[in-house]
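Several structures are given next for inspection.
In the two complexes that follow, chain A is the common piece, with chain B as its partner first and chain C second.
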Partner chain A sequence: MTSRRLLVLAERLLPALTLALLLAAIFHQQPRAMSYFGLNLLLNLAVPIVFATLAQMVVIAVNDLDLSIGAYVSLVACIGATLLVQTPWLGVLALLGAVVLYAAVGALIAWRGLPSIVVTLGLSFVWLGLAVTVLPTPGGHAPAWLATTMGWKPPLAPLALWIAAVVSLVGWFAVTRSSLGVVLRGAGGNARSVARAGWSLMAIRVAVYATAGILGLLSGLSLLGLTTSGDANIASRYTLISIASVILGGASFVGGRVFPVGAVLGAMTLTLAASFLTFMRISPDWQVGAQGLILIAVLAIRAVLARGKEAAP
Partner chain B sequence: MPALPDAARREPLVTLTGVSKSFGAVQALRPVDFKVAVGECVGLVGHNGAGKSTLMNVVAGVLQASGGTLSLGGHRTLGGPAYDIRAAHEAGVRCVFQELSLCPNLTVAEQARIAHPSLHGFGWRRKAAAMMGQALDAIFPGHGIAMDDTVGRLTIGRRQMVEIARAFTESTGPAQLVILDEPTSSLDAEVAEQLVAHIRRFVELGRGVILISHKINEILAASDRVVVMRDGGIVAERLRQGTTREDLVGAMGHVAERARAVRISSATADQVVAMASGGPGSLGLTAARGEIVGLAGLAGHGQTEALLRIQQAAARRDRAVTLRATVALVAGDRTADGIFPLWSIERNMSARWLPHMTRHGLIDRAIERSEAARWRERLALRTPDLRDPILSLSGGNQQKALFARALGSPAQLILMDDPMRGVDIGTKQDVYAMIADEAGHGRSFLWYTTEVDELFHCDRVYVFNAGRIVAEIAAADLSEDAVVRASFQEHA
Partner chain C sequence: MMAILKARLGGAPWLWSFLGAAAAWGATLIAAHGQGGGQILTAAFTFSAFTVLVSLGQMLVITTGPGNVDLSIPSVIALSGAVAMLTMNERPEMMLPGLVAAIAAGAAVGIANYGLIRLLRIPPIIATLSSSLVVTSIAITVGRGLTVKPPQLFADLVSFRFAGIPLLAVVALAAAVVVALTLERTVYGRSVSAIGQSRRVAQLAGLSVERTRLLTYLISGALAGLTGALIAGFSGGNALDQGQEYLLLTIAVVVIGGTAVSGGRASVPGVWGAALFMFLIVTMLNAAGTAPGLRTLLTGLIIIAVIAIGGGEKLRP
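Moving on to the complex of A and B:
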């Protein structure tokens, strides 16, 4: 194997290696975490983050950025904790309406050629306003079926790991392998070329934002199932975490380079990083900064690998 | 291959009658009549901005004609929305556009998927790879491209080969008419010949090709008929037989280039750059004040890398490079490393000048503006206002702005990375004259070019082969043959 191929391989495996390293450090600090129960506790909050990350990933695939995903996930959780319990049909309708609105925003961005960052930043305030209207103070409760689902303990591995595995497989197939995924990434790589081949960029964006809306819906509901109550700000930090996870997974902000499996691993890494820092007895005040340092370290390694790859024969 | 009966040859494949196109008040295309018959390759020549690309975009359904009729297969329209890219594709029209239009993040096989909506379902990946592989093998035997290579990692020449091959692939319907807009701008001579041969084979099958190229010899080799455009209209039409290069250049509205004038060298004894040999079998490189040094060889054999190395040596010490002058680079791949697409023409020009036109740390707008205006005059840049966005210019004029960026700076050594890619003959002549003039005033040029003709403007030529400098040829000994021989030399 040439050194170039080795570097390519290292770059590919970087998200997995990061996660493995972090897990090893955690098990070293806290050997009791190395059990079904321990892993469940460590990882179950990763499920909603994984879904939010994939939502962000499809948006990044077409060179857009979604700054409203956190607020949207919060809104879904709020609707789930109130309307979905009180008047289920109205709850379902509200959730479907939110997905349709998401798709409509995609259409607006494509139609007027607006910068997605601005539009979704504005949209995040709309979601927040709606969430506060639905649930003015933290509270409500999750529908029983949701809490049961998220509390399920499947054989062999905790639910979070099963979900991560299935979701990465589906994501890999849909985005990396399928013929539709090629068009999606092509639109990120060279939109004009895709349009000139007869594809509708409008249809692509609508599909992307609708998919993001559905994944955000899954994120909000799984979060609600875990926390069992809602809050208008419950997932506001998901916006930045999801972007960080996608990038940690090997993706670039532009150019249609996204990796679903990497993104899922990235989401799990960032979830675990928080637990690890707690085990290290680092005060929560410093945790966000420490998480940032982990991110910078991984990205620095990636940059070094990429440079080595350019130089290698 | 069965020869086509003459009667079939007269059948029209595509016919445009009185087709025109205007953008607002600007008439890009005057009403033109144009047709391609079955089994015919039509060459289309003209200066940048003559309307060739507009005409082809109408045929390809990218632009809707403002008037006239177009008939092609079963479609007959009056420029309405019924004839769009999809309809053109279904009718068998395939295009290779001037600027490379592949998705750099996708693999070679995946490019086929973008062009063929019918490629889906189980096993599509295998079908796509087979499709692209066959097309590449048929057109460019020995291309050395793997189907799972990511396009962005290929050299610009290979990217162009992939794009050409994709235009000849077929899925649901046959490729009836293939439009090639400057397909060989980044290909070296041998590969370009392979393409010409393929065009001939393809039209013998009863298909049609429209070939746009600034390389007149290529047009004459490939086409049955040549159409000349000027100022948005068709001004001449010639059969290939009996047409010479001078005829066409004359019809395009420029005096024929005269036989190679011997350049009177302005080189001095004063060396401005020296790059040590890059290993066994490789020569070093030097250039003197006032000298024009050509870098030749097949595309992508290390010429660009050498230029970049010298450019970087200006900022960071490099033991192999001795540099006694300030440098400026004229980029060849305009969109990738030349222009700032969102900036004005003026700002694009002044990007390299700024350090020298500041006052108290701020840009002196008056000087910037007057300098830009001076270069616009000198380069005959065609634009109503220098504050317009750079993308409002045609490709050739954008390149002129990049020349202004480098030549307007105080840099004494100008590095040129195949800057004439897809530039029309008129602009080229202007630029050649300017380069000679600047060299006369003591500037030095390192000029990488894929066009052998351009080497005759140099004082000395280095030939690159597989990353090494394998030959140094003085102007007096320079011949196309000598360059080709060194380029194809097998090394132990």
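Moving on to the complex of A and C:
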């Protein structure tokens, strides 16, 4: 194996190594965390973040950026905590409407060639406005079936790990192995050649934003199942966390290079970072900062590896 | 007549933002039965002054080319507000050192942003995102959850107005003029636009690309630092969420004002027009008695509509 291939391998394994290192540190500090119950507690909140991260990932795959995902997840949670309980059919209709609106925004971006970052910033206001209208003050409650689903204790490993494993596998297959995945990455890598091959860039964007909408839906509902009540700002931090997780997972920002498995691992890493601080008895003030520092550290290692690759024969 | 108007507007996209601001003001006056037009304008110029000061930096950053955007602005505002209030510690003689400390804190974050971009070779969005996370934690640690009041003199100065004209607006106007002249007349300003149009060509032409980018992120940080101190002074003390709205606001104001999101073309007057527009839209919706949720929703729709009609350039995120 040449040193170049070794470096490439290290680069691909980096997300898994980061997570393993963090887990090892947590287990070292608190051996009792190394149990079904402990892991459940640690990773519970990773589920909605994983879904939000995958939503962000499909958008990043086509070189766009979604600054509205956090507000959207909050909206889903708000609809779930109100309409979905009071008038279930209306709630389902509202959720489907939100997905359609997401797809329509994708169409608008493709049609007018707009900067996704500005459009989705505006869109985040739309989601927030809708969320505040649906649920003006924090409250409401999750549908019983949702809370039961998220509270389920499957055999062998906590629910969060099962979901992460299944979602990684499906994501890996869809992005890396399926023909649709090739088109998706192609649209990010070289849009013109994908268009020449007969694919409609408009249709691709619509599909991407609709997928983001559906994944955001899963994120919002799983979050509601865990917290059991809604709030218009409940997931506002997800926007930045989802971008950070996708990048932690090894994605480069342009060129359609995304890695679903890495993104899932990245989301779990950032969720654990918060618990890690608690175990290390570091002030919770540094929760957000620790996430930033982990991101910077991983990017620094990646930069070193990239330089090594350039120098290697 | 229409043709002339159209040609004029084509050459100066920023005129749209002023027309939009005037329309929003007019609609507010109608809703309020012609009452309080002057007070509305005074408030608009006061709050737009903050927006303009911080957006000028964002404009320079965006002008340096695709992918360049400063996401650390809200965290810098939170940090510098705390730094300024703690340094001043309610003593009027510490006013100037407090301002300098706030600007220095912002500039330091700007330098760090550039350092991350350069050393880690990562897109500016990722660099400023990571630094904003760290800066937020630093702001929490520095502020310790306490709100320190500004010295009375400082509070008086930032809310001072003469014949309805706020002092802050004069400061922001002066800053806008300085930035406009810098862009037009200096090597640095010319380099900013040149790099935005084509980084490669700028490099081949012998412009110092790296120094220009460093300066740009430094200026953006310093302006956010200054704004943070002013906001804290204006609102009776520092608070962590004081910068929150400025992430959306700066980007929206820069783009609506006619600066090319793909870089290479800045529009200083547009920043003022768009800042007034964004404030007056909210005032108009308030005057019309719109519910808070609907108001936020409509603000978002208006931003998207303005971008969809006025934008339409191909660019990267």
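The working rule: the second predicted complex is superposed on the first by the 313 of 313 C-alpha atoms of A that agree within 3 Å, B and C clash if a C-alpha of one lies under 4 Å from a C-alpha of the other, contacts with A are read in each partner's own complex, and residues count from 1 in each chain.
Convention: contacts are C-beta pairs under 8 Å (C-beta built on N, C-alpha and C of every residue); 3 or more make two chains touch, one makes a residue touch a chain.
All values reported here derive from a predicted model rather than from experimental measurement.
Of the two partners chain B and chain C, it is C that touches the larger number of chain A residues. Contacts of A:Gly139 after superposition on the shared chain: neither chain B nor chain C is touched. Look at A:Pro88: by the touch rule set out above, it reaches neither chain B nor chain C. Contacts of A:Arg192 after superposition on the shared chain: chain B is touched, whereas chain C is not. Overlaid on A, the two complexes show chain B and chain C touching no common residue of chain A. By the touch criterion given at the top, residues 62, 84-86, 89, 95, 97, 101-106, 110, 113-115, 117, 119-121, 124-125, 152 of chain B touch chain A in their complex. Residues of chain A that touch chain C in their complex: 63-65, 105, 108, 112-119, 121-134, 136, 240, 243-244, 247, 253-254, 283, 285-293, 295-296, 299-300, 302-303, 306. Listed in rising order, the residues of chain A touching chain B in the complex are 177, 179-180, 182-183, 185-186, 188-190, 192-199, 255-257.
Of all the residues in chain C, the ones that touch chain A in their complex are 67, 69, 71, 116, 119-123, 125-126, 129-134, 136-138, 140-141, 247-248, 251-252, 255, 261-262, 291-304, 307-308, 311-317.
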